[in-house]
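I have a structure here, written as structure tokens, and I will follow up with some questions on it.
We call the chains A, B, C and D, going by the order they appear; numbering starts again at 1 in every chain.
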Amino acid sequence: MNPPPLSELEPNAVEDASLADAGERVLEWTWRNMPLLTRLREELGRERPLAGRRIGMCLHVEAKTAVLIEALRAGGAELVLTGSPATTDDRVAAALARDPGIRVYARKADTMDDHHAHVRRVLASEPDLLLDNGADLIAATVEAGGGRVVAATEETTSGRHRLLGELAGRVSFPVVVINDSPIKLVFENEQGIGPAVLDGFLRATNSLVAAKTFAVVGFGSCGRSLARTLRALGASVIVVERDPVRALEAAFEGMRVAPVERAAELADVLVTVTGRPGAVTTEVMKHLRDGALLANVGHFATEIDVPGLERLAASRRELKDDVTEYVLEDGRTLYLLARGEMLNLAAASGHQIQVMDLGFALQAHSLRALSLDPDAFTAGYNAVPREIDEAVAEEALGTLSTVER
Amino acid sequence: MNPPPLSELEPNAVEDASLADAGERVLEWTWRNMPLLTRLREELGRERPLAGRRIGMCLHVEAKTAVLIEALRAGGAELVLTGSPATTDDRVAAALARDPGIRVYARKADTMDDHHAHVRRVLASEPDLLLDNGADLIAATVEAGGGRVVAATEETTSGRHRLLGELAGRVSFPVVVINDSPIKLVFENEQGIGPAVLDGFLRATNSLVAAKTFAVVGFGSCGRSLARTLRALGASVIVVERDPVRALEAAFEGMRVAPVERAAELADVLVTVTGRPGAVTTEVMKHLRDGALLANVGHFATEIDVPGLERLAASRRELKDDVTEYVLEDGRTLYLLARGEMLNLAAASGHQIQVMDLGFALQAHSLRALSLDPDAFTAGYNAVPREIDEAVAEEALGTLSTVER
Amino acid sequence: MNPPPLSELEPNAVEDASLADAGERVLEWTWRNMPLLTRLREELGRERPLAGRRIGMCLHVEAKTAVLIEALRAGGAELVLTGSPATTDDRVAAALARDPGIRVYARKADTMDDHHAHVRRVLASEPDLLLDNGADLIAATVEAGGGRVVAATEETTSGRHRLLGELAGRVSFPVVVINDSPIKLVFENEQGIGPAVLDGFLRATNSLVAAKTFAVVGFGSCGRSLARTLRALGASVIVVERDPVRALEAAFEGMRVAPVERAAELADVLVTVTGRPGAVTTEVMKHLRDGALLANVGHFATEIDVPGLERLAASRRELKDDVTEYVLEDGRTLYLLARGEMLNLAAASGHQIQVMDLGFALQAHSLRALSLDPDAFTAGYNAVPREIDEAVAEEALGTLSTVER
Amino acid sequence: MNPPPLSELEPNAVEDASLADAGERVLEWTWRNMPLLTRLREELGRERPLAGRRIGMCLHVEAKTAVLIEALRAGGAELVLTGSPATTDDRVAAALARDPGIRVYARKADTMDDHHAHVRRVLASEPDLLLDNGADLIAATVEAGGGRVVAATEETTSGRHRLLGELAGRVSFPVVVINDSPIKLVFENEQGIGPAVLDGFLRATNSLVAAKTFAVVGFGSCGRSLARTLRALGASVIVVERDPVRALEAAFEGMRVAPVERAAELADVLVTVTGRPGAVTTEVMKHLRDGALLANVGHFATEIDVPGLERLAASRRELKDDVTEYVLEDGRTLYLLARGEMLNLAAASGHQIQVMDLGFALQAHSLRALSLDPDAFTAGYNAVPREIDEAVAEEALGTLSTVER
């Protein structure tokens, strides 16, 4: 039995349809900087590997994602999508909603209740492919017995944890987890984080990086990227890292290494990049010097204990966009950047466009492969096939002026 | 004979007095990042070396300058000031205008005629000290016979050229030229330009620096700073430089070196930093690849021949803030950043705050010394006294967490 | 039944016993730069975990290894050892041979026949622990039925290949493979190779790195280390790499990327770091410019086809130590560094001492653990236990001046 | 009156004429790496601008200088030369002495009395051009009334001080001071010192730079070069600098800054690069940690108070080439590298060959210009003419693979 036609689904839920022109203008510059998706759009348009497919999708609704969506449309798919409320760009949502082959349920002002209703709307459309972010669509599909879904992709590591944990053995269709690709690890984390955070820091503070002491808490691939970028721009970097092998690596790269309390005493700016909640406790804050800045780049807005900071504070004031001043009971002033949210996303535009071009090319390639031959994959967790990693890397090399041929 | 009291001068000319609160908020973050002026404000407040002085001033009316103005006020001076129309921050102008000891003639929307009228208003206030930018106030004062002026400072190199050129032997009072200080050369040019331009580039484009070829036209102290910053972030940098000694230096720093036409062929992004008009001609543009970006960091918005580019173009469109798309008659598309204006100023916030703190500390120190003992200086051009350079550097070292004591 | 006492074994085979004093002097500086082994020697001396053990050993007999040997001696072991002929330091061999608890069979002038006889002598001593390099001792022990051996360590990756290949299922005792530790990967390869090769290049050539084009063939962890070091010193680096993901990573780090033939055309110096024979063929050599330098850093002296180069050449001359000039039939001159052997070993002193301190600390820790409780390991291949990696890293952090505590 | 023919001068004073073949072999590799002098030799050979000239010369007699000498010979000059005893390479001296157009008075074993006698022999040859190092030949010529000398070059800054000091107004012929050229400043100091010292450090110690704290005393152009090189290789660098402007510059480049006593407490390695005697006193040594290394890169072997160190020491031992161990009365051990002599010269081969090619090209160009038209210069001090600087830089650019044309 066929799924309902798009025209019979609940109507688009976007903030303001009149923003569509503005949204298209934003999309245009993004397209210019995504050569891989540009090329894929052409290929998909010729091959139509997604013809007849309906993709249910849950991902940030903003310009870079919209480029991916348009490329998938060119391949013949219909899309029914929702986003993650805080990151929705209402202009982009309006532009996408113009396309009769797309249903959009995403508004920046959505509450969590709205969001859950949107997710239900996506599933009610009876998609046969899923493009998921955190495995919510996948889990709901499994609960509901699988429906028409033949395959899925999942963007995140936390989605992978669910697939290999609570969902293990329960997913009857193949899921390709994008984030496990070396391309994501190398280019989003090791190469991309440093410049993206730098962008956020410069915008939020207009402050010099050179001649400052930065404490970087966490020396995984993201923390290392940040530490290297800051050091390259003349900062003195102190790394806090519990794994002694990584801490030693930091030392060999010219960083100083210290326990978090000592790093807090020495730092002008303390940035947390650990990926776990509670990395910067009120105990750590007690060691910060008067005038210190605090920022978060980890995956959770909870790496800095902001409620704890509020309790330490005698007063709190928005000093400028993305800078909140806290005057503590003990007289010290601390500045929290971007309210403790991810600095690269909240104060800048996230990853540089070309970095997302790589990750979304993995998505488009994977969805094509899954659509054409789902049986070539196993049920449940799949890594990105090595030939897709290589194809994306080859295509990216082909777009670079620094590659000789 | 005394000059007219401020209250008898023409009233403030600001865009909107109700912006004053917003202006004060902007000023606050700036103050927090200018430790040298913070300290000088205290010193000047105790010593009052400018008591009874009226300073006529012509400089960008924005937050960093306003901090300097407030420090001079603390030292006892009255100020009558105008700005440079395009760079006026109307919020800051409104905040300054609240102070009865300051007269402000500056609106972002001012025409050049307005500006000239403002300059006349500044001179009509009969200042005894000048803080000049391009020697316009000084030249007008000389024309008018010198008036009550006992001393002046001049911010720029072009002002120095006038002092040592057309005005040589004609200025009866000492003028300290700030820009000749090694502190300005080292920290604004060699250290400051690279990060400031990077900030502008990231905001305007959200584009990656790594894996791109940048042509940097001009390897003076500013061009070198930019080239080093780009290379540190993973760019492949090609330098264009007429002086063979400097070009060789670029090569020793790991840059490639090429004539401008060849550099244009290879570049994803071409940035001009020569300090002279016409560095990027339509002839150069003919060598750029399809999709190339063009930006200017030189002192003149005329380094890129924008009118020439307009002539080459079949169409022109604002693609996003600070990105203009030109589709040329020959089919290539070029992107001009920030309309050919200085990228660091137009697309970002100019020098990082701490960098301007250094330069404005030179201003405050120099005005103090000139006010207390103008006879210690010679008439006409004076370099910043070495002891002021050293004092400012010592004070700056005293504010850094990377300095052990 | 007990093994024969050392005094009944064949006598030491060293070049010149009178070199022992010189050997001890060499050892002394090495000890000063191996703080981990210094500390371990004390610990082992207190604990005596190797008391009653006889270690049969095959590893380069030079100063750094000798420090390891002396640390193991302090732990109570007897050692019977041979080396790898070309890398034997006859002074160090003489110094070790003075110790009645050590038998040494190693001379720099040894032929391969001598070497094989030495290996037989080591096995004839009936060791109960092995410290192996390439799994030769292990393989021979397996052939002979296992003897008294209760456990072994193996230094190299090629040894691991044999353990998991031809020897799989045939080794009755546990073998810890040192090279698989992240400590070896990070510190010997990613951090250590670049500076070590730089040292060799500077000594061999007295030539500038800056303003030169280096082609680095292979961008694994060793090639990346070399490429980064050269770039940091002002070289223009072109990377040749077959894996497109790695090649893209090189591009993101600011390297140019090219096929080997194009890289050869552009390079002043071509260095091969691939780990596989035949990476630089005579076909590649045809693309090199007149005056180019050729060097090898890979594991095999066969990465450059030196016999092929000889055939291309009209003449061949040792121009200075570690620089051989080849004038080719076509008129070009090529310079081969260190005869195509590993440049870091042949023209300098290999890894910096502190780097080897890390790797040998892994050896000493592993031998202690194996001696005390071999049953805690499985027969055949074992990775270095994670707690040993962490212990070594912690100890190393404890020796650094850049670590705050 | 003509000067005596070379054949009537005192015979060559070289250590061992049979070393000439070895000397020629050394010279050959040096020639290959001096493309500017190679080209100049051809030009001078065609033009013969030095025909009939006799050059009296006092400069280090080693391979790089010998290349300059052979280029001047090709231009038609005879040369009578002596060196600076410690730096004489007896093989090179022997090779030069073979040429009947050259008289050599230089032996490594020469005493200072020998050296003064050699200087007298050079002057007794009645040269008409001088190539001087420290202005000894020039001063002696002035004392003697000028003789036949029509022009001179002087290599060093200390020679310039004498020309502008004690010899001011007394020199009747033009002297071009090579060291004042921006080419020398940029390429020998800012670019050349760091790698050359690194070479010396690696050879002397086989020790890692990364993860070590280096104190660099002096942040002039040489100190800055060293600090940058060490930081690029992963060191944590602390700069000691009395000039606050330079100290601030160091801080902006990511160095820590400290007083010398504090830097000594923190450093694993302390290197002095100040250019003045007594920079490292016994007072400073009291702050060094147990095991610290001490090295000198300044112009004077007297930057470290070695006699003072000897007094502090209970014992002293040559631990290896270029490493002397001092056990102090207080129990600490210090290691002095290269006996306190310049580390880059004493433990390595000085500047990389290409760097000296630049400086000696300035010499050859200047001597040609002085020989052809001495009257184009003024008596006494002359800077290198700007057109020579530019010509040398242009020629150097022409030899680089990183320059596109």
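We adopt the following convention: a residue touches a chain if its C-beta (ideal position, glycine included) is under 8 Å from a C-beta of that chain, and two chains touch if they have at least 3 such contacts.
Quick caveat, the model's predicted, so the values are computed rather than measured.
Q: Considering only chains that satisfy the touch condition with subunit C, which of them also satisfy it with subunit D?
A: A chain counts here if it touches both subunit C and subunit D, which gives A, B.
Q: Can you tell me which chain lies farthest from subunit C, using the average of the Cα atoms as each chain's centre?
A: For subunit C, the chain whose C-alpha mean is farthest off is B.
Q: Quick one: report the Å distance separating subunit A from subunit C, using the average Cα coordinate of each chain.
A: Here the centre of subunit C sits 42 Å away from the centre of subunit A.
Q: Roughly how many whole angstrom separate the Cα centroids of subunit A and subunit D?
A: Taking the average C-alpha coordinate of subunit A and of subunit D, the gap between them is 56 Å.
Q: How many angstrom lie between the CA centroids of subunit A and subunit B, rounded to a whole number?
A: Distance between chain centres, rounded to whole Å: 37 Å.
Q: Can you pull out the residues of subunit D that are in contact with at least two other chains?
A: 191, 210-211, 233-234, 236, 248, 251-253, 256, 266, 400, 402
Q: Would you pull the subunit D residues touching subunit B in the complex into a rising list?
A: 182-183, 186-187, 190-191, 238, 243-245, 247-249, 251-253, 255-259, 262-263, 266, 389-390, 393-394, 396-397, 400, 402-405
Q: Taking the complex as given, what residues does subunit A use to touch subunit B?
A: 25-26, 28-29, 32-33, 191-192, 195, 198-199, 202-203, 205-213, 229, 232-234, 236, 266-268, 289, 291, 319-320, 323, 335, 348-349, 352-355, 400-402
Q: Could you list, by residue number, the parts of subunit A that touch subunit D in their complex?
A: The contact residues of subunit A facing subunit D are 210-211, 231, 233-236, 248, 251-254, 256.
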